[in-house]
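My structure is below; once you've seen it, I'll send some questions.
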């Protein structure tokens, strides 16, 4: 249930509503949007009559029930406004969100040694990425495969962060490692295989860092949003949703089936920012460029790309990793399409469009929004 | 098995090779590409020694085995060159293919009456589509649902063709209807539910018209290409492959899962042109614009979009149909992205880029090709 | 909608109801069950008030709406009574149905030559099967694979029928072949790949022979029942539903996933008889015995087993075919479990148990182990 | 790689082989089977020449490579002999394994209160179950649903164990809870949602108790066996594999698709004991009896059945729970089929069949029908 209040409602009025709701055993959560103040109600609201709340204050515009099983992550809970996740990195704050420039995350599947991670970090930084990814702890199907270098890899990520100023995104698999990972990571990743690991979700949420939540390979959109709900319900609103390919009946030429339609679907269901990982999504480096650029046009807020200095020698996921030159080349395409979509930092926009009358950008933004609201 | 011959090989040399192969019980098929002449060998080639063929003529550059179970549709069979399908329509020839402008097909799920089909045809023509789609025979899950108006609908399609000059694409479900459909259709559609209907594939192939082959909802990429192989093996090389969403475990917010990664995957496997149908692929009109434009950027050669003058009153598939205004609006986006990809007819290109130094187009074409060849 | 009438309702009363309903544009269909007479109403019944019908006659016990999208095949339409399909064969009538003995269908994937089909027929007959299966027309993924011997194979099936008295079940793929197949087949099979081929469903239905309808490999239970509804709606009530494995994400060790839970599910939804095909369902001869016997215990009405005199030399589906000795051995297990379930002809029961206290256990343990080790 | 040694090989000979292997960096593991002594080699064995090992001792019969990615769990690693898991319970040791009686586990989804868990425990014990299941920690899709009573529920399970002597099987979701759960549970369950939670697998393995490993709902057979391999690789050989339904495209009438063909498939791949959970597998209490008995005939070593004193009031999974009477009735069928398969304790066999010629048939027909009509 949400209460939509007039934007200029006085604080005392809101506080009065709060205390009444709390006396009913309901937890209110306030969100100040552009056009309204929204108070979300968490708790046993089924029995409450909408008119009963309506009568609490003349500043209340409307009271609505949230029809979905997910509440805090639902678009309804923000009355249709998207949210953003701001991550502070040595190079400054980076914002993930629908009304913000595209964010690029790049790096190897796993941190193999100092040389490779620093070299990769320097190249992806120079090419325009804001975040370095790299696994210290790797969930591997076989206990006999390389499991990541663990704590020492975290140290190397810290060093790469220091050298380049990039933000760090790395996976945490075990509740025992949360503090160690939180010390280094700017965003903590919950991997696809742990999307249903509700204990991990709750405890990572409590660590306070922004969380990247990958979709489970057999998880429905709704289950994925419910997993995100676990994190918000634990008090952490900073969740980014990452689609990385789902498991279907056809696994011959692609490792997974990248579900790009998740982008417009999520836009109708949740306010949370979206990331697409075409590397895991296809499992084939040759398919990454077309899927990465398609994802931008489909509206993704960020991309995660696997990059390795020497993919054929990678300890894991080599076939889906771009080499450094391929990544630099792809970043040119990514920036071109991000500019077209109006999703590139202003200075870049300026330089690219200075002498151009190219009408795509503004037009597309207009017509697409029209369509999506239709 | 294929024989790659020098481009200037004399005709007698080729004829001599032909007669030797035929004496061995092999059917040769010649394809003249840009850089080579390729002779494809169909038949029991497993026992043949590659050197035995190599020695047939000094004009033979190389002899290669086709490693895939599909032969005539494989990219190897054309030694890496894409093919095109030329369809003659009242408005002139339209070419589907990787090196040609994007082709747009639009229209209602089913032909309901004269007024709606003519109105729709006029609007989609004016907006830039080259083909009108519309079902006369509809495969419906329930025998009690509207099954299409059949022969009378074919008459209305003929009329729409006459009025607008658009090419007609319509589905044939029954071998008994092939001639009737062929009289009206410029491209004959095999629907997803009939992809495995091998009797229909063979007989439609024999009708001589180009064939649009939709992917079965539970069909692998390989099975789909094998179905296309049935058509080519029956003597009809003009096949367009249409991805329209596959069936996965998640059907709550989308009707199917649109597999856009089929585009780069097919590019590595087959020379045939590709179409994407985001309307069936998502089942939701709101998701069509982002998936249509993403498909262009991912490299599709054509799009099929469901359009209806009044979707809420449609006899079938209303929820996934755009109305006429939405389609006009989408065509502006489609043309913008097609231009960016260098996939729009020259006159359009000229006008759009006359005063522009926008570097995306040429750049992207270059880097993407580099990536895909890597 | 159905009308449940008292069992002793006079004929004139029923006729009067019939003519009233027909005057309303409704098609009534009468079914005389054990406890009631049920009149099913087909047509636009949504607007009709239940009380309006109730008032037509004092012999009407109750009027109920059929809630499912499938009507004639639904269990509700028979008010909970299962139906049976009686097939006349040279050896006498065989009945498929929940209250009848288990029926066994066996034979090769395809009819390869006279010797093999006659030999197989004689062995499966002697082992207790009532029907011979064998493909004359084969739906094959590749156009270059053996497609069945067609008409000549039908001739061999006719001969096998003559020699053994077994009923014949064979697939029809093309509407053009329906009459030829109907001349030989006692039951006409619609294969999994043609389950959505609605043109074929309607025309095969019209041929009048009982129809075996295999579940499509990506088809839901509901779609499968809707396909059966096409056959009943075309006037043919004699449909047997055959589960043969569905396509899932795991295809490494089994070709398909045999959905045995379809048996209890179908029992709650439809009155039609059920068949299980563990050969296609698993794709592995070693898994057939355990799945065949499990299917009996789960309540199947019939089994279809692939048998070949020399599986390793079979032109198609060798890996999933039992050889003749394995089939004889399996039939001992099948009969044991059918007896336990009260699903074996009385005379067999008598003879088998006359001198025995409990022979099943030790026998099964032996033969099954033999099979599993084979 | 495995070394098969003659059964009477002297200890010194084996020790000598051990020390040589260890000097090569290989970890040997000995298993004494009925017919052979098998030494499994874990480590980097790819470079080792088979003949090099063969020459180590004349007591070596054969040296074989394990072709599968899973090693310790593979049937090859035991040279084809199945293993068993012995669990000590207050009522005595219970053995799970292919050559042992069927084991039945029953109880509610979650432990709700003392009365219900004790009542259920007493009934399932009296009906013949050896283990009580009951969730203290519940993985729920929604953070707002009942999450289990946690530690207090563990206390109630301990009490139920004391009162009835039943073994306890309960799930552990969080590494922080392992010790608490291990204090009460005789078998520790890893739930389907945590099958890929490799951190949990390793730490639960280390707790030393037998582990019940449920198959992930989107997990292949191979991934499942690799997850089991994690537990064995961590030094715990006591793993039971539980199939509980996989996620497929059809979820309308069953919650999951119970993959009974996993039973014969696993038999060809692994030596580990197998359990089937038809309650989660189907999600519908009406389908449990037929799937439970089918599983026995397909060869399962154990069954897990959800039972609740009042399913309609259950805090979780009510629709798939049997009530106490239904469970008692089902146990009669279970025992009948287990006896038929030679999988029931000897004394039971004796007493049941002493005065009977064939009582199973009529009984089963009655109770099953009762269940299905319920």
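Letters A, B, C and D mark the chains as written, and numbering starts fresh at 1 in each.
Keep this in mind: a contact is a pair of C-beta atoms (placed from the backbone, for glycine too) under 8 Å apart; a residue touches a chain by one contact, two chains touch by 3 or more.
In this text the structure is predicted, and so the values were computed from the model without any measurement.
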| message | Taking touch as defined above, what minimum step count separates subunit A and subunit C? | response | 1
| Going by the average position of its CA atoms, which chain sits the greatest distance from subunit C? | A
| remark: Two candidates, B-D and A-D; the one with more touching C-beta pairs is A-D
| Whole-Å separation of chain centres (CA-atom averages), subunit A against subunit B | 35
| field | subunit A and subunit D, separation of their C-alpha mean positions in angstrom | value | 38
| request: Please compute the C-alpha centroid of subunit B, do the same for subunit D, then give the distance between them in whole Å. | output: 50
| task | For subunit C, jot down the residues that touch at least 2 other chains. | result | 218, 247-249
| task | Would you tell me which residues of subunit B are touching subunit D in their complex? | result | 218, 247-249, 251
| said: Residue numbers of subunit C touching subunit D in their complex, please. | reply: 218, 220-222, 246, 248-250, 252-254, 257-261, 263-265, 267-269, 281-282, 286-287, 290-291, 293-299, 337, 339-342, 353, 357-358, 360-362, 364-365, 368, 372
| request: Would you tell me which residues of subunit C are touching subunit B in their complex? | output: 69-71, 139-144, 173-176, 193-194, 196-200, 216-219, 223, 226, 229-230, 233-234, 247
